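Structures are listed in the sections that come next.
One chain, chain A, appears in both complexes that follow, with chain B as partner in the first and chain C in the second.
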Partner chain A sequence: MNLFIKILKYELNNIMRSKWVIAYFMFFLVITEVLFRFSGDSSRVLVGLMNIALLLIPLVSIIFGTIHFYNSREFMELLLAQPVKRNVLFSASWLGLVLPLSLAYVMGLALPFLLHGTSDFAPYLILLSSGVILSFIFVGLAFIIALKITEKSFGVGLAFIVWLFFGVIYDGLIMLIIWQFSDYPLEAFMIGISSLNPIDLCRITIMLKFDIAALMGYTGAIFEKFFGSLFGIGIAFSMLMAWILIPYLIAKRLFNKKDF
Partner chain B sequence: MPKKIYILFASFFISCIIFFTALSTSNKSEKDVKTTQISLKDLVSNAAPNDTITLNGGYYPESGIEIYKPLTIIGKNDPVIDGQSKGKNIFLIKNDSVSLAGLTIKNVARHALWDNAAIRIDNSHQCKVLNCKFENAYFGIYLAKSSNCEVIGNKFQSQGSHESDAGNGIHLWKSGHIHIKDNVIKGHRDGIYLEFGKACMIENNWSENNIRYGLHFMFSDSCKYLNNHFEHNGAGVAVMYTHDIEMINNTFANNWGTAAYGLLLKDIHDSKIYGNQFVNNTVGIHSEGSIRIKVEHNNFIRNGWGARIFANSNDNFFGSNNFISNTFDIASNSRMNFNKFIGNYWSGYSGYDINLDGWGDVPYRPVRLFSLLASQQEPVMLLLHSIFIEFLDIAERIFPVLTPETLIDSKPSMKIIK
Partner chain C sequence: MISIKNLNKSFGKHKVLDDINIEVNSGQITALAGPNGSGKTTLVKAILGLVKPDSGQISIDGANISDNSTYRENIGYMPQINFFPENLSSKEILLMIKDLRNISGNSEFEKGLIEEFELEPHLDKKMNNLSGGTRQKISLVLALMTDPKILILDEASAGLDPASAKKFKDTLRKARNEGKTIILISHILSELEEFADNIIFIIDGKILVASGIKSLIAARGASNLENALADIIELQKKGNLQ
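Let's look at the complex of A and B:
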């Protein structure tokens, strides 16, 4: 445990000093502030931020995560030569990356909101927590990619493709399915398929907390009914937890078995 | 002499006592009239035609007051007529030239078969209802087959919870030339309802928090709606199967919900919508089968859809409107478009104006691909704000393939139109 904290501390120091995380923090800070200045209305700010967060957090987490893992490879090899358990090293470096990324995002959003105040507290909290959850998920995926693929450029490319799949292509597939099976009642199926993708799941849970849910008509009403119920919230929450845990466990297993 | 003075004194004293007791008894008899109050029904039936009855305060627990002669009833000091949720209509007017003013009428019986009203004006003309208050009425004022009546300055407050157990505030059926002005209507089923009305004038009314529509009319031609305010109604305002109407300077605000519209137009033709405010509605104007409507100088602000125009609407003209911060400015369900959009201001316009004449040099396409897709396949709406959709929209904007080719504003204004 002592060792875990030591490594985590080192990782945190290392990452906090990195310009990337500071730039990431500054970006969210400036964007939130600018949105506030230009629109003033906090629910509009939230919708704008949702768009940016859902696009950027998975992208940055997965790309930065893979690059960071490749870069710290030599350090890991060095540490593994010491009497350090692999489990401990892995968890510490995973947390050491996830925490600063989440913190940068939360701080970047929180400071302007503290300054200007908000009336939409529930959607704001959901936006914050989904950003944090997405960081956790995509860092996990990044570690899997970096562990599976030794070639750095190929790994980063694959990370980009994985992001592209969850962020863009997946929704395209959903649309294709809606078009192809438009004669069938698709609502239940849509609930299932959109909760399989963490980005979609976050997007929909945030949106259902806004007024714009009314625009989504009948399907939106069904979603609201489902995700508004305790059962639906439970499903959404456990789905996201599974999305955090499963990549984490897979990466950990790969790490333990890896022949450095 | 002193004896005489004594007698004089005593007689004066006695006469004083007699005088004052007489005075006090006469006072008492007046009070008795008030406490054992004559019923309003008797007052009405005893009155001669063209009489004026003035009610000075008082409480009348009555309903079913029928008026068969020209009569004026004026309330002073807030007389209350309480139907106690019993019987049918509280007032039933069946003669011309009846006026009611300054009354408070409350607790009309709710009934599934009869449209009980606080005041029902049946087949009568030149009637007036002025400055009355209606509390917990089922139907407030019900005009049937009547004309040239005035409904001015009334307040309606009801507590219906479902469409089935609530009535309309002001209900017109087969009535013409009715002037409805300065009324405030809250908590009814429809605030103002017209069916087969003709040439009515509806102005300065405030209709809010009604269960269904703030204003609802069908088959009511040549009516005018000026300076009304419709806010927070269950489904906004719906107008159907009518022509030659004018809607000027009204406000349609905060009608938000999956089936709520700022203004729903269904089979309306040759009409004018001018100078209205559509703010914060799910749909600003929803148009189905509307023809030759002029929509000018309106503001569409922060609506889900500024205007949703189905392809069966044609020859409509949108000019000099402001479309500001709507999620979608215009939506259509087809590539076909037979409507004209010229000289509007669009906050989503990103073109330029090189010759500085105030009009953008590139046409604006107000229909986003996504809104077109969503109106064809509703579940697609679930992808709102998805990155994929943003990409698709950008691609479509650069090279339009699917959105209506002719639905463009070829002369978008660079500045907000005042």
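Let's look at the complex of A and C:
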């Protein structure tokens, strides 16, 4: 067994037993079951879950990721004093945190859906994969913050601000731009600017699969034309992969250079 | 033998290690002492590759350590702060470190250490349920259990009860007699005088003294290590140190 797998195994053992990860799983399990019981319609459950997941997953991933990294610093020191390469320790720690968070989310949603069934299989799969992708992205951002900022309280505060920016402020700014420049054709700009925010990108991709884009009028039709095409899907997928890869590579570079 | 040549390290504008040149011999206990923030921990972290030096060279038994991780197979390290994953048990942590060093099973030496430090009842407990002293003992066993050629111990006896501290000293004396290279960071000069062979005293990132402890005390005509070092610090302040 190579060192990466060995470290990953112990990371998973540790984090899967964390009461926070168990609570995260329980939250998605209970909320999905409650939504099923109240609405009874899997499409409505999916829309409700989308709104919760697209805000909660980035928040939990970035805050839990930042705190976990700060709390692991001393143990990382001990592991780096073993015959272990920094690259290997970093990648195993990153994956060791993302996998339990993703699994908690996927299992939390999967169990009630298996129980009640769904006809909206495609949007359901996209909702699940969007959540996993957002976990990867925001844990990467969390590691960058924890590596750049030495002081824990400041780092956690900054992580919250980063989440607030992508989850709330970014959309507010887009709304402001639309309102200010309502006389101009902004559709192409909207597609471009939405692609830069991974949460928006996930939201658009899911919404288009629900056929509710029609409710968004002309803009919805433009979005559907772009993101519904093979080219658009390719662009969205590439952007999300870049959002995973770039923070991961930046954090790995910082980790390799860090003085512990 | 550990050899350090022209080692420099700064954190921002603050120079933490200033042209360090030392040799740490095998079969001896070398104490690293100095005031808080003098650069002791940074120096051992540079040896372990945890801190990247700005310039200079560190070699172990003639081999340069830069961009290499395998040399750490021969080092047992006990950090100053012992913080372990809270959901793993002591046994799992011990297994993990052995796993990373490709060691399987429990050696007689490891069993002896666990017995010596009375850790058997704590092996199945989660790390966050252990007292500070017990965590300190686990950390000590982690450093010693693979029987490495080099031991680097940062404030190792600070949280130990008197009985465990005695066992710790006995273990170190035995390791020295087996020819191991031992670096010990400590503030307790009386303890160092009792069982260390050499002392490296650092102030503001510079080596003030690197000498045998007995020869230092004799050369200064002092009654103990504390007085000898106080004498040297006084002379350094006056600019008369040779």
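To be clear about the criterion, the second predicted complex is superposed on the first by the 258 of 260 C-alpha atoms of A that agree within 3 Å, B and C clash if a C-alpha of one lies under 4 Å from a C-alpha of the other, contacts with A are read in each partner's own complex, and residues count from 1 in each chain.
We adopt the following convention: contacts are C-beta pairs under 8 Å (C-beta built on N, C-alpha and C of every residue); 3 or more make two chains touch, one makes a residue touch a chain.
Given the structure is predicted, the values throughout are model-derived calculations rather than measurements.
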| item | value |
| --- | --- |
| Superposition on chain A - do chain B and chain C clash or fit | fit |
| Contacts of A:259 with chain B and chain C, given as first, second, both or neither | second |
| Partner chain(s) touched by A:6 [first = chain B, second = chain C, both, neither] | second |
| C-alpha centroid angle, chain C to chain B via chain A, nearest 10° | 170 |
| If touched residues of chain A are counted for chain B and for chain C, the larger one | B |
| Contacts of A:120 with chain B and chain C, given as first, second, both or neither | neither |
| Touching partner for A:33 - first (chain B), second (chain C), both, neither | neither |
| Chain B versus chain C as contact partner of A:55, first or second or both or neither | first |
| Contacts of A:74 with chain B and chain C, given as first, second, both or neither | second |
| Partner chain(s) touched by A:14 [first = chain B, second = chain C, both, neither] | second |
| Shortest CA-CA distance in Å separating chain B from chain C in the superposed model | 34 |
| Shared chain A surface residues [contacts with chain B and with chain C] | none |
| Residue ranges of chain A touching chain B (in the complex, touch as defined) | 44, 47, 50-51, 54-55, 167-172, 174-175, 178-179, 182, 186-187, 190, 194, 200, 203-204, 207, 211-212, 214-221, 223 |
| Contacting residues of chain B [partner chain A, same complex] | 256-258, 260, 282, 304-305, 325, 327, 373, 377-391 |
| Touch list for chain C against partner chain A, complex | 11, 45, 48-52, 69-73, 75, 77, 79, 81-88, 92, 96-97, 99-101, 139, 142, 152 |
| Touching residues (chain side chain A, partner chain C) in the complex | 3, 6-7, 10, 13-15, 17-18, 71-75, 77-86, 257, 259-260 |
